[in-house]
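Each chain gets a letter, A, B and C, in the order it is written, and its residues are counted from 1.
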């Protein structure tokens, strides 16, 4: 079953076509990769799916719902979560507060509850805190949970961004360069976490990556963008041998070498 | 003569607007050059007026010397202010800097209030007191002097920023501090220079407006109008400040005459509200986009 | 966990001790001090609301004095002129102020930074004009009398008795503010301030969150205004101008943006400080400005930044870094 369907999506940004007529589908519980040279439009595509930038054309489907004109917070509430290239963590808050913020989509207390300090809110807070701490533990972030996020190294922030996105228990999780800023060990942790998320929890993953080893290892299907267009799609093995892909990354001579 | 009253009001409005433009210029220059929103700018206007008062009344110097010495003193004061009090605050959060400049303004105002006991004074200007008559139109030549000075200063500033090395250095620092530093520009000196220039502009406003409204410790309130003028113009460019200031001045004066007293006070915000509804970043402002 | 429980018990004990002190200690002092203490607590209430809006949700507002005014006039009108019970008039006054905050929230949705500040100033101007233009309700420029209310039939004419009422309200205000901050709504505020993009992708509705923040801040200011009018006994329209709003902003900046302790410390210190400086006579404003400047240079994150620094030094940990709610995170 298709979890995420992107049909003929075009995104323009001040007259430039960042994404041009791109279509792809991701099956439920699958892990797909999205690669391409810098400026290919990968992040713009994610931003369009999230609802952060408007679509010039096209459709975005979450199972059977159409999301293309929804405001971003509704898209998130529908079950699409994501991480950011630059982590977009809340630098002022502690790591724990950051991760707990991810639970907003699943809040069980109303505004009045929150304001008056009702029992329901206090109970919900306790539960959410426990959940967040568990999540932090799985990413090895327990030690820094009380630290102010702005003080921490980039790799740690990327992990916190991921934990925060998972807190929402999304159906589709889009990751923007999840291993950037990490050493080999941390990258392996993230890969293992991704497999767990997809396998055990059935979350559908769409991952932008520059680290070829990581994405070839992790993804079942890879989509390749260049200059806003999809130029190739297929299994990691197929994509690696595709001359168009090689040309995009290394130039024409390398493709025909 | 037809439209005699309108022309008189227009000139008065342009004169008021020029003062607002000068205050706005000082604010925007400091902001673009150093990133600091200087809430003491209004008090720097008052300071300029009081310094001029000292040179004119106590030292009894002729007008031209008063003007030059006041501008020089104000510039030095501005540079000293930047070096002594603003510099340590550069890394502080934005709100802290704002409140700190408010505190500085409060201190300046009180020092002025305490050192000059008379409630209202003025400086003798060669233009005040003489009335120009063109048919039925009476013009206070001080108005023309204010407008003229502002136009000339605008022109000089444009030349300064385009042609002179210091001006270009200031523009470089305003756009990208790190890059400017790497190019060998002494950023700290540029900051001091920017504040010096900004203070001199404020002082000029004080000198020009003193013969019209008198000199008193509450003069600093003009900063609100200066802010409105700057935001109207987009808080971005010299031209924006001038257009914003003149627009505000004219609208205020004409409106105050034809609609009434309360309009004069609220014209500033009414105009601003209107413009911001249509153009949320002011007349010449640019939206800041942030890529995620 | 026993550690957690022990910590919670310690906190509860500390809070109880503080409240006991606030109840008992004032009885050792005179009426003037009771008045001052009530004033300080009223400012705490207003500061709490403003800090939620500005320090946490990141929205600049320069019209807190207007919401104070709305609360003051509405409460006093309902109580003194229409004969409603003060204990009903006060929340109604606060609700009217909250409604006005809701209205202000709409233009605020599209603006930020000084554009937003300007719109709030515009609202302040409008409020002042309205106050002057409906003298039948507000007494116009001449102001309005606000006779002291009674509780259970006993008139609270002594400043000490009124102080206890204000204390109860301040404690309630603190409870609600603390509860709000440690809830999904509070985290939505912080998200809004830090990164609107990330907030949206976490399902935080930006518009609604901003409106809620404005409403809460306005409600707090309205309650503060209603209490203020009854404390002073007279409403003077000139009290609610831009400089009063700026004073409120100074409370929370000097105390510490985004922190409840900051609101309390800032409001209390800056309410009491001018009184303490009276001895300087005409130099008092100058000294005040100077002290303000020194505090800000030494503690840019506000007075509450001092506590974590001291605690960190004690425990040989890293000193806390100054939080800046307005700076964009390094991209």
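Just so it is clear, a contact is a pair of C-beta atoms (placed from the backbone, for glycine too) under 8 Å apart; a residue touches a chain by one contact, two chains touch by 3 or more.
Computed from a predicted structure; not experimentally measured.
Chain centroids computed from C-alpha atoms place C closest to the centre of all protein C-alpha atoms shown.
Of all the chains, the one whose CA centre sits at the greatest distance from that of chain A is B. Chain centres here are Cα averages; for chain A and chain B they lie 49 Å apart. Work out the mean CA point of chain B and of chain C, and you get 33 Å between them.
If each chain is reduced to the centroid of its CA atoms, chain A and chain C end up 39 Å from each other. With touch defined as above, residues shared between interfaces to two or more other chains in chain A number as follows: 52, 84, 86, 88. Touching two or more other chains at once are residues 195, 197-198, 323-325, 331 of chain C. The residues of chain B that reach two or more other chains are 292, listed in rising order. By the touch rule above, chain C contacts chain B in their complex via residues 54, 107, 110-111, 114-115, 118-119, 121-122, 125-126, 129, 195, 197-198, 242, 246, 249-250, 253-254, 257, 282-283, 285-286, 288-290, 292-293, 296-297, 300-302, 322-328, 331.
Across the complex, chain A meets chain C through its residues 50-52, 71-77, 81-82, 84, 86, 88-93, 97, 100-105, 107, 109, 111, 113-117, 121, 125, 128, 148, 150-151, 164-165, 168.
Partner chain A is touched in their complex by these residues of chain C: 175-176, 178-180, 182-188, 190-191, 193-195, 197-206, 212, 216, 258, 318, 320-321, 323-325, 329, 331. Within the complex formed with chain C, the residues of chain B that make contact are 37, 85, 88-89, 91-96, 98-100, 102-104, 106-107, 109-111, 114, 224, 227-228, 231, 235, 262, 265-266, 269-270, 272-273, 276-277, 280-282, 290-292.
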